[in-house]
Amino acid sequence: MPARNHSQWTAEPPLQQGEWVDSRIYSDQEIFEEENEKLFKHIWVPVCHESELPNAYDFRTTSIAREPIIIVRGADNEVRAFLNVCPHRGMMIERRPSGSFLEGQPSGNPKRMTCMFHAWQFDMKGNCVYVAREQEGYQDRLCKENVGLRRLRCEVKFGGFVWVNLDDSPKVSLEEWAGPAFECLRETLDAEPLEVFHYHKAIVNTNYKLWHDTNSEFYHDFMHYHNRVTGFNDAYFARKNEAFDNGHVVVGTFTVNYENYEGFESRAELSFPHLPPNQWYMIDLFPGFNFNLRGSALRCDTVTPLGPNQVLIEFRGLGLKRDTPEERMTRINHHNSIWGPFGRNLHEDLVGVVGQGATMAPKSEPRRILHGRQENQTIHDENGMRHYYEEWGRWINRSPTNPTQPYTPRAGAAGDAAVAAAE
Amino acid sequence: MPARNHSQWTAEPPLQQGEWVDSRIYSDQEIFEEENEKLFKHIWVPVCHESELPNAYDFRTTSIAREPIIIVRGADNEVRAFLNVCPHRGMMIERRPSGSFLEGQPSGNPKRMTCMFHAWQFDMKGNCVYVAREQEGYQDRLCKENVGLRRLRCEVKFGGFVWVNLDDSPKVSLEEWAGPAFECLRETLDAEPLEVFHYHKAIVNTNYKLWHDTNSEFYHDFMHYHNRVTGFNDAYFARKNEAFDNGHVVVGTFTVNYENYEGFESRAELSFPHLPPNQWYMIDLFPGFNFNLRGSALRCDTVTPLGPNQVLIEFRGLGLKRDTPEERMTRINHHNSIWGPFGRNLHEDLVGVVGQGATMAPKSEPRRILHGRQENQTIHDENGMRHYYEEWGRWINRSPTNPTQPYTPRAGAAGDAAVAAAE
Amino acid sequence: MPARNHSQWTAEPPLQQGEWVDSRIYSDQEIFEEENEKLFKHIWVPVCHESELPNAYDFRTTSIAREPIIIVRGADNEVRAFLNVCPHRGMMIERRPSGSFLEGQPSGNPKRMTCMFHAWQFDMKGNCVYVAREQEGYQDRLCKENVGLRRLRCEVKFGGFVWVNLDDSPKVSLEEWAGPAFECLRETLDAEPLEVFHYHKAIVNTNYKLWHDTNSEFYHDFMHYHNRVTGFNDAYFARKNEAFDNGHVVVGTFTVNYENYEGFESRAELSFPHLPPNQWYMIDLFPGFNFNLRGSALRCDTVTPLGPNQVLIEFRGLGLKRDTPEERMTRINHHNSIWGPFGRNLHEDLVGVVGQGATMAPKSEPRRILHGRQENQTIHDENGMRHYYEEWGRWINRSPTNPTQPYTPRAGAAGDAAVAAAE
Amino acid sequence: MNKNGADAASKVRDTIYRATVALDDEKWNDWLGLCDESFHYAITAFSPEINKDMIYLQGSRKEMETLVSHLPKHNTDHSWLRRHTSVYTVDVEDDKATAVSSFVVYMNVLDGFNSHIEAGESRLFLTGKYYDTFKLDNGEAKFVKREVKIDNRRLDKGSHWPI
Amino acid sequence: MNKNGADAASKVRDTIYRATVALDDEKWNDWLGLCDESFHYAITAFSPEINKDMIYLQGSRKEMETLVSHLPKHNTDHSWLRRHTSVYTVDVEDDKATAVSSFVVYMNVLDGFNSHIEAGESRLFLTGKYYDTFKLDNGEAKFVKREVKIDNRRLDKGSHWPI
Amino acid sequence: MNKNGADAASKVRDTIYRATVALDDEKWNDWLGLCDESFHYAITAFSPEINKDMIYLQGSRKEMETLVSHLPKHNTDHSWLRRHTSVYTVDVEDDKATAVSSFVVYMNVLDGFNSHIEAGESRLFLTGKYYDTFKLDNGEAKFVKREVKIDNRRLDKGSHWPI
């Protein structure tokens, strides 16, 4: 069959259910709203790294599913999360991305979060400690004890990342949620403090799941000149995509051959604790967080969906807190020459997902997106994506292949992770 | 109770009905559309000041609730308002903000409003006086007498402001609508011609009502360094918020103590007719217009809502037409050092409402916004806002505390203005 | 009747049905979506000119109704069109507006369209000729023969324009669709190869139909100084608007008097084959394409609606491929001094339609837009627009005068074209 | 050749900058006053779509005078155009000089779409380079040629005014 | 008069550019250090709406010092302002000089609306011209007057900072 | 030290501007031709989020040559980058010079999201400053160091190209 006509083009692909999805899951406004409500407001999100707020009274602000969030480190060194919303009249308490409350803000006191609007103040535990002219205005009808901040579940885990969940009663604990997937790197990440050395952002017109797909599938290494030309060897093809409960996938290690890369020396000299050099682990956390430890740098991507066709991606690079300046410089160079905003691969990956976003803009004709490659779960098998969309269907209760229909488990899918783990 | 969990956070506040509102009234698209239809298309809007069109044939253009409007001064010196829409094929008749028809436009005659598209022309009374090739094209099926402009209710009042109402039969006359609220300044404003010396605009991401709230409540003086440090004295706390029918509020006078302000001399030397120096009156007109006469300058803000979460605010500063250059300069300095775009307070006020807008973006979690302070209707009492939202509920027929429900008058609210006036 | 009140303003105009339309057809989001689905996905669109892809393996990309399209010239010199969408995971195959596949893209082979994402490759006929690691990943479950591109109807016609139809079974052939309307210029356009010498774009806030109206009606010549002052003569008023089936209109020739134009020499010296100098033909193709042959240049406008109130217009100027440099320069000067982005008339036309767009923004009050001039179908008769909207009503099945109602043919309208042709 | 030669080069820079100011102020005749009788003006762009260098507008000194004199007769969007110019290189040879400058044109909206809302805001309109040729005469640099090469093909409403 | 005279003109340019750098770096006192005791500062704009020249902010050297010293006490949007300046003309007369420069101010968002999303992006904030007057003294050019004439009347949140 | 010294300073300015033109024209080798053997290039930014100075990209002259030679092998967004540069200060000391310039990078879209719609429009991409060091040799100024300090952390698709 040569080029296809409309009915051939829209026919179901000659693949099994679960081996493709309908593009409306990437472009429908209603589905996007459901993802915020049913998914992002209930899962554990790695919002930042604790090295971004190293000292007592340091803060970082962020947001999940449109809800503004503030992370603060208390005098007790505890990291806590709150809605970044004043209980009085809804002012955003802190507008900057980061800083310290040690000195206090222009209209407040040191060691307090002050709402600039009417000067209500809160301590690092979210207690309201000051209401301006409280007695005069409220008599005893409302007292500061009643107007604390909204506290959010927050844990520092898996190498110092700060995890927040908007749900007070998450389906599963953070440990259960991601512990098994992090198993492979746990010892490494928790050996000693890490530090973020790189941060940048992209807002691109594509669906967040397409970014996550690209982060998890390696078949697109055909796109990257260096990977294509120097990377396709036995060790590479020996890697596996391992499925974990809750929609996560881990891609196992292999040795990267840097010798063949022109212009960039081998990274063999620098690594992470308990890891031989030139190792690579990638942990793809459902529904859109990626931890990629390659040789000398740990890369971490997080998504914040802004619309069916728009996503904010935050990129971080991490090394060890105790790096010497030389070591740190090495990590920076290795990380950024490939994954920096002016690096080799990242631009290509982003051009790719934007190209997908462009053909799947809201209201465009539904298309079929295939992930039907079967290679014994090795690197170019698309099983990671199949596993992911099964989980997605479960949360949103829509069939990924026909999103107008409710989700029905696909045969044998429930056992995916178990089966994979058993291999 | 320390920081709160979700159910504590979303519980009703320990206040009376009417002492708080639901944030959806600031963020819901549907409510915004209703506000345009039920409210802005029926109320008196101060669109500009007559000093902006001083001579015969001068015009100003503006818009209310998406409808384009043109204000012209006729040869008879009358100020009239029309839809800025050509009856032929809907061209906007005049695209510039201001100018004069004395010379005529490139494709029209002097003393005419010419639609540039096909050269139909209108006189300053909105009569169509010329249809290009009328006989040839319309024979007697349509004649210029039938295609006049859409005339709008328009009055020049309360110190020379130009008021327009899109409703041909407004609920109440302009005099009834705002006369009582303007009582306190009427003699002053009508003593002699005023002139606008300052104009600038802001488009900010917040709901217009939050701007009006900020304009009417003084509790946020905690935000302004100078006000906080030098302003909180007996005279200040003696001021009252007086409620008037139709949702308006007036804040009464007090003497501003400029001596304590570093770097800026007292404004005592310059005032307005019939007013002792250092007086301050603020008239908050429902649903979003603010007249603020403080010492040497009259400030006037008008809102044009652009969306649930976006508003255009126009800022004006006025003095007397007969000001000497020195007097005018004094007014300008006093006005702009505080209220100019680079002034002390305005930036803070705007940062504040944008912070509120950010936590109440469309589709964000509903929140409670409190205005429950009771201080015998003095300056930090939030009675002005309570009075406003009662009126708002009446027009939109939604309960401000639960906008999914229809409005029901709150106990004793009907008498608000009367009660306040009787005190 | 002087200026009108609301009920007079909103009364039906004293014209016949079909002599005016309701502005909601220009501003309603739902109608816009229907236009994409019912109209633009079924009609013949002149997407570009064959001189833009002169050599084998040249390509041009474009889009119709949000669907991305690629046009390629094969080794056999045939011009073909495909969806610019990869059958694998929906990547846009080629992101640039134009170029050549002769050399191949960075991750593909020469003479192939390569999807950069996973390197699937396609020949110029849309066959998939390479799937990376096909056997390994798909075994025999999916083979390249099954994953050709989506081929679209495509013809090169009427002077070398490339016409694409997203519908595999269009209502009528391209010949039937536009042949009769092109009759007047057919010999001229097909005499020898044409070449595009000018291209620019506008994205303006107005409805695409308002642009087409302006292109088809000449009554607005009152707007253009030179046209108004020098153009209104007997020959001008002798021109006729002739209606053709399918909603097209042709405006017949007359001699342009360039002598009267200051600063620009006559165009008499340069023309097109089989045409005396100073001839002018305008073909307005339903629903938004315009071919305007005037003296020395052929102008072609195409619209791509982006929303009810936004349209992309592409402007082209064409001459003969065999022009000498001097001739070409003459055509360029003539075309651009009037119709270039910095030319005399185009800016005015665009200012005009944007002015209409401004009064008919989505959700604004419905207005009446008149096209009721009757002048024996001569140049200032608005019969062209009446004919157009009759056809529009038929496709969208909405009454143009009352778009909430279904279409009913207006008396005698069916015969429009026939009648006009018979005169 | 004398690259960026001190004196003549300063004159050239001065002329370019004064031209920018005159254009910003819509003082078309002041601008033409900086141009020699033999002046030729062109706005050009390259279109990848049609793979052609294009001339969007051109004229001799005389034609520009006519164009400028007709401006009041046209219906125009009155939004102010503000050119931000930076002279890059000046190459002087005898009594000739060539210069390359980079410019950005902002539109400060007046009419816009709804002037009530938009008037007074700045928008990016064009980016490009000026390729200028000068005659040096008696301590004065006069334009003999200006090519305004713009990067943009998306010109929306376009403009009646020299850039 | 001595147009763009080599030496004094270079000094003037240098002062303008160093002022821009100091302002970008929010080093307000370094900036005032480039200003004479008699310095007067004004931000102005013309409003077609009211058909008036306006002064949005003005102050003597002393008043600007006070303004600058109060900055930490205000609640401010912390977004960085980045001025892109190009000196157009410098006219030197004895120990005085006047200069016209074009500037564009970009806002690189810090607080923004939702800093999580917006921080780190650049936006066009203002366009305008600097009309400066200098005192030339001892090989140094010091500001005696700066008029910051902006094209914009749409200023949104505005700013507490000198432009 | 010799601030903005007439001759050497002009050479420095000339080199900076010719570098900008070469980069705009994607003539990478012409650009490197203006750089000394010891040249070091870096794109840096400060992130308040992590409170760190960052190096987004860096390389020696040799590494930049490799980077540039690999460009055709990558899949790239072809949108033109247009740098608008204004040299602020040049400080010359013996045979060394340092210069600070302000730049703005516009992206004139080619690929964009949907090139049919977007190609040919200009967008603001980056703002920042060049901190350059030069070797003065034989009447020529050659780059020995360039730090491209950008204000932006929102880089969207990013770029493969030197800024």
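We call the chains A, B, C, D, E and F, going by the order they appear; numbering starts again at 1 in every chain.
Criterion: a contact is a pair of C-beta atoms (placed from the backbone, for glycine too) under 8 Å apart; a residue touches a chain by one contact, two chains touch by 3 or more.
Which chain is which protein? Per UniProt: A, B, C = Methanesulfonate (MSA) monooxygenase, hydroxylase alpha subunit; D, E, F = Methanesulfonate monooxygenase hydrolase component, beta subunit.
Here the structure is a predicted model, which means the values were calculated and not measured.
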**OP:** List every chain that touches both chain C and chain F.
**Re:** A, D
**OP:** Would you mind checking the shortest number of contact hops between chain A and chain D?
**Re:** 2
Original post:
Which chains lie in contact with each of chain E and chain F?
Top reply: A, D
**OP:** Look at both sides of the chain B and chain C contact and report whether the same residue positions are involved, with over half shared, or different ones.
**Re:** different
Subject >> Reference chain E; chain at largest CA-centroid distance >> reply: C
**OP:** Could you say what rotation angle superposes chain D on its sequence twin chain E, using C-alpha positions and rounding to the nearest 5°?
**Re:** 120
Original post:
Farthest chain from chain F, comparing Cα centres?
Top reply: B
Original post:
How many angstrom lie between the CA centroids of chain D and chain F, rounded to a whole number?
Top reply: 26
Subject >> Distance from the mean Cα position of chain B to that of chain A, given in whole angstrom >> reply: 45
Subject >> Inter-centroid spacing, chain F versus chain A (mean Cα positions, whole Å) >> reply: 32
Original post:
So which bits of chain E are touching at least two other chains?
Top reply: 6, 47-49, 73-77, 84, 86, 104, 110-111, 114, 119-121, 124, 153-154
**OP:** Indicate the residues of chain C shared as contacts by at least two other chains.
**Re:** 68, 95-97, 106-107, 116, 200-201, 203, 223, 225, 348, 351-352, 358, 361
**OP:** Return all touching chain pairs.
**Re:** A-B, A-C, A-E, A-F, B-C, B-D, B-E, C-D, C-F, D-E, D-F, E-F
**OP:** Mind listing the chain C positions that touch chain F in their complex?
**Re:** 61-63, 68, 95-97, 105-107, 116, 200-201, 203, 304, 306, 312
Subject >> chain B partner contacts - residues on chain D that touch it in the complex >> reply: 72-78, 110-112, 114-117, 119-120
Subject >> Of chain B, residues touching chain A in the complex >> reply: 1-7, 9, 13-15, 23, 213, 219-220, 222-223, 225, 228, 348, 351-352, 355-356, 358-361, 363-365, 367-375, 380-382
**OP:** Report the residues of chain E in contact with chain D in the complex, numbered from low to high.
**Re:** 3-4, 6, 9, 47-49, 84, 86, 88-89, 100, 102-104, 124, 126-129, 151-154
Original post:
What residues on chain E touch chain F, complex-wise?
Top reply: 6-7, 10, 13-14, 17-18, 20-21, 24, 80, 82-86, 104, 106, 108, 110, 118-124
